[in-house]
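Two complexes, one shared chain (chain A), two partners (chain B, chain C).
Take a look at the complex of A and B:
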């Protein structure tokens, strides 16, 4: 059986009881964070949760065909959902973190958007090369298997689809979906990084172990810690969204895209829990 | 960043882009010879469908996490050697060399484990394949790891990116694997492993597992696949990753100081639009020139 034939065990419906419990857990986590770290930790945790939501939502846009796409059996990019989103999001994080460090008076909004554009640019180049290989290397025009007409360009799809496949390549809607996914992922990753960095820069110099280091001395530790946690949380959110997608997705026009609310709830709780862990290491005295 | 001459920064940007291009090309060829990416599903499937083959089979993990591990390891070791006051060039070479052996260990265990799991379908473990392929993938891996770690070192030291070397290695290692697998996998999977299928059409799902197993002379092995994919998929992956690295750094170096950071954003958006336009152009070009799908005429009639 291929990944195409694998059907999800359950539908896109939200489980109200589980969602309710999840939201209660999330509120408790936020409360715990406020009790431990006060306002600065609360703002950071909310920023981390928003960043996680951006990543989980963005992953649903990314057209991923997995193994079937490598044989021209399904549309999308021939790699895993979480991995591709991580590649784009981390490229965005690279740009966002740099933009923050370069500016003398850094602005959160500018850095987050820079990160988003970095992720979008990575996806734009990658998606273009996917079509380049399909068209000039394999002579296969793009065709969607999920919709009859590309919702953006109005191009009809079924007649270009090879017999016995689910479609192949990246129709323009999938390209745009990839770019949007990269933008959300890059912005979310950068937001998580900056939220953590802000807290670490504020709190680390006050810790007794860093007494002699001062604000400049702890900066490399703050950047490294925030970067590692941001990468980790990125992967957690991307993998959660990938489980929600189960296998392959063509982009925003795919029926599976409608499942995103479920991933958002899961992502908020996971980001909340990871955020508490990442922040507690500087607030809880050891 | 501000106290370094701009020409120097642009030179480093170009150098980083060139290193990324080499890394992307070597990464894709390594993954094709080692059968690391998604097409390996077919290499694993073939014996189960009765097609015994001599293709290497070492999918340790998906390409992005595998390369994330190797580049981070290389960068981390190089960073540790540099912390011991070692010359950076020597440190990077040593770090990448040791990492290459880790890759070799993973490749060996992956091939033996994966192939042994197919024993009940009659797939033998070929020791000559293990001997000849593993070293070739290691060589390609060294080139890719060395180029990427050097690129990360330049970004960190010469351009002043705040991330430490191992973290940059993780970020760019995962991006390298993502770019290389996205660009290179279809060419290896469809065009090489299913070379007998009709050109210009996807592989019908019914044909899954029936990979090409014979070469011009004798049985095909993974070196033949590397020879084939190095002509297009490798360079394309290289240009893809090179462009990603180059344009990302270039827009930051030149345009970040403009408008308190908005300059880099505007340039990034413009570049996304340019790539979208080129993509749309080639998509329409393919639809016009290749036309709709037509079922292949039966071979017997010719």
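Take a look at the complex of A and C:
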């Protein structure tokens, strides 16, 4: 897959001034976090930013078709990024959270990989049934409109593409892209959740609101807060990545895929900002 | 006649709706503070104002979404609603730490988060939509206010203390359920409120868009969706606050929903007979 190593195209170039301002804002945010929360908050914030980057990168793999795909006029899954990413990310988050809770000595890597598997599984099932309905329900073959030959299987595409459409169905490369995107999204969502959960479990019992609760008493609060913040950050990152690809993409072979460096910068800033706000809730009680 | 609907023709200007929605929502949220002035131990009878605050914010939000999505952002209308509540929930939860100033702090924090996200979307990602930054600021504020309103509806207060304090259910002592589990945050009722608001904010424009869009019909539909969300939240509040106070919310939400639904039905019938000679959809960049 050469598309992954490709440089950004001229039409989707970075805005150096805006990106520079954004990176300065990000560094200031990391500094603020270290000042008010110390080392534990800094590590968590970096984990959150990495999680956000995984989500934003993962969205670029997922074949999002939107409304044209629902009419069989464009390849991809017939819904928007927000819905697809939320589905994959939340499935991954549930898997990862379960893997974290069920272990006697919780291991971050195991939980994050389980989250990735959960997200990938969800996308694999979605892609399979999407293709099933396209082929046996709507009676259309899977054909890409962006490439002549499937980069993985070498199957030719133009013969199967109907006139007046941009392709239809999910070609093999789009299917694989969907699963990879689900893995990245699920792992990223789980990482954000676990980073927040660790800080909350550590700091919440020390807050005056919970003076008599103890570590076990605040666990529902810690889990719920981490969960709802992880969902919020997941949706922000997914929608920003969706803005970057203007709503639709075929998968990793699509020329729009090369725009991903922009999304990574945007996602780092957004995740840093939201991470600071989410962690500050336990560090600045008034 | 052109189908480019970027400029709102006729009807109430967006800024009027913005000011009305913001002021009404803040006033209604602060009216729930009357609960603390009631004699000690009495149920939070003023909790229903939280639901009205959410309805007012959603009414404003549907018009903000129309304002932004008229430019063809390409990601679908629901994504705007998800963005709104994703940024709103973060601002709202941090703001609850600031006691009685929480609603004001929520507006300020949401505006800051929205401004940075809008800058990122418009300049770093190169969306270059004129109303992008303003719309994302507004949407983050709306998300925060709707969630704060629904939380106030369910608990009778909007501080972090009241959001994590569990219900005094009669069985809680017998079952040895931790107190914090039966609260808005601990029971994750906030996640339900998130989706109730997230769907209510994007549905009106998503359902009414097109050449036959009329402002009053969309705004009435927004009120109807708002009251429906308020009804669900009011039913959930039965588990958290005194039944009498919760029933007031349920009745107000139900009456509001019936009234706005009837009004929307009339407007839908009024607009159904109209027919507009729409030109083919113009090509949007990026497809």
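Definition applied: the second predicted complex is superposed on the first by the 276 of 286 C-alpha atoms of A that agree within 3 Å, B and C clash if a C-alpha of one lies under 4 Å from a C-alpha of the other, contacts with A are read in each partner's own complex, and residues count from 1 in each chain.
The rule is short, and it goes like this: a contact is a pair of C-beta atoms (placed from the backbone, for glycine too) under 8 Å apart; a residue touches a chain by one contact, two chains touch by 3 or more.
Just so you know, these numbers come straight off a predicted model, no measurement behind them.
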Superposed partners chain B and chain C on chain A - clash or fit: clash
Superposed model, chain A: greater residue contact from chain B or chain C: B
Contacts of A:146 with chain B and chain C, given as first, second, both or neither: neither
Touching partner for A:84 - first (chain B), second (chain C), both, neither: first
Contacts of A:15 with chain B and chain C, given as first, second, both or neither: second
Touched partner set for A:253, first chain B, second chain C, both or neither: neither
Which of chain B and chain C A:66 touches, first, second, both or neither: both
Which of chain B and chain C A:129 touches, first, second, both or neither: first
Touching partner for A:224 - first (chain B), second (chain C), both, neither: both
Which of chain B and chain C A:162 touches, first, second, both or neither: first
Set of chain A residues, in rising order, touched by both chain B and chain C: 66-67, 80, 83, 86, 220, 224, 227-228, 231
Partner chain C, residues of chain A touching it in the complex: 12, 14-15, 17-19, 21-22, 25, 66-67, 80-83, 86, 209-210, 213, 216-218, 220-221, 224-225, 227-229, 231-236, 238-240, 242-244, 246-248, 262-263, 265-266, 269-270, 273-274, 277-278, 280-281, 284-286
Touch list for chain C against partner chain A, complex: 73-76, 78-80, 82-83, 85-87, 89-91, 93-94, 97-99, 109, 113, 116-117, 119-121, 123-127, 160-161, 164, 178-181, 183, 185-188, 190-191, 194, 285-287
Residue ranges of chain A in contact with chain B within the complex: 2, 4-5, 66-73, 77-80, 83-84, 86-88, 90-91, 93-95, 97-103, 105-107, 110-111, 113-114, 117-118, 120-122, 124-143, 153, 155, 159-172, 175-176, 179, 220, 223-224, 227-228, 231
Complex contact set, residues of chain B against chain A: 1, 37-39, 41-42, 62-65, 160-164, 167-168, 170-172, 174-175, 177-179, 181-191, 193-194, 199-208, 232-233, 236-237, 239-240, 243-244, 247-248, 251-252, 256-257, 260-262, 264-265, 268-269, 271-272, 275-276, 278-280, 282-283, 285-287, 290, 292-293, 295
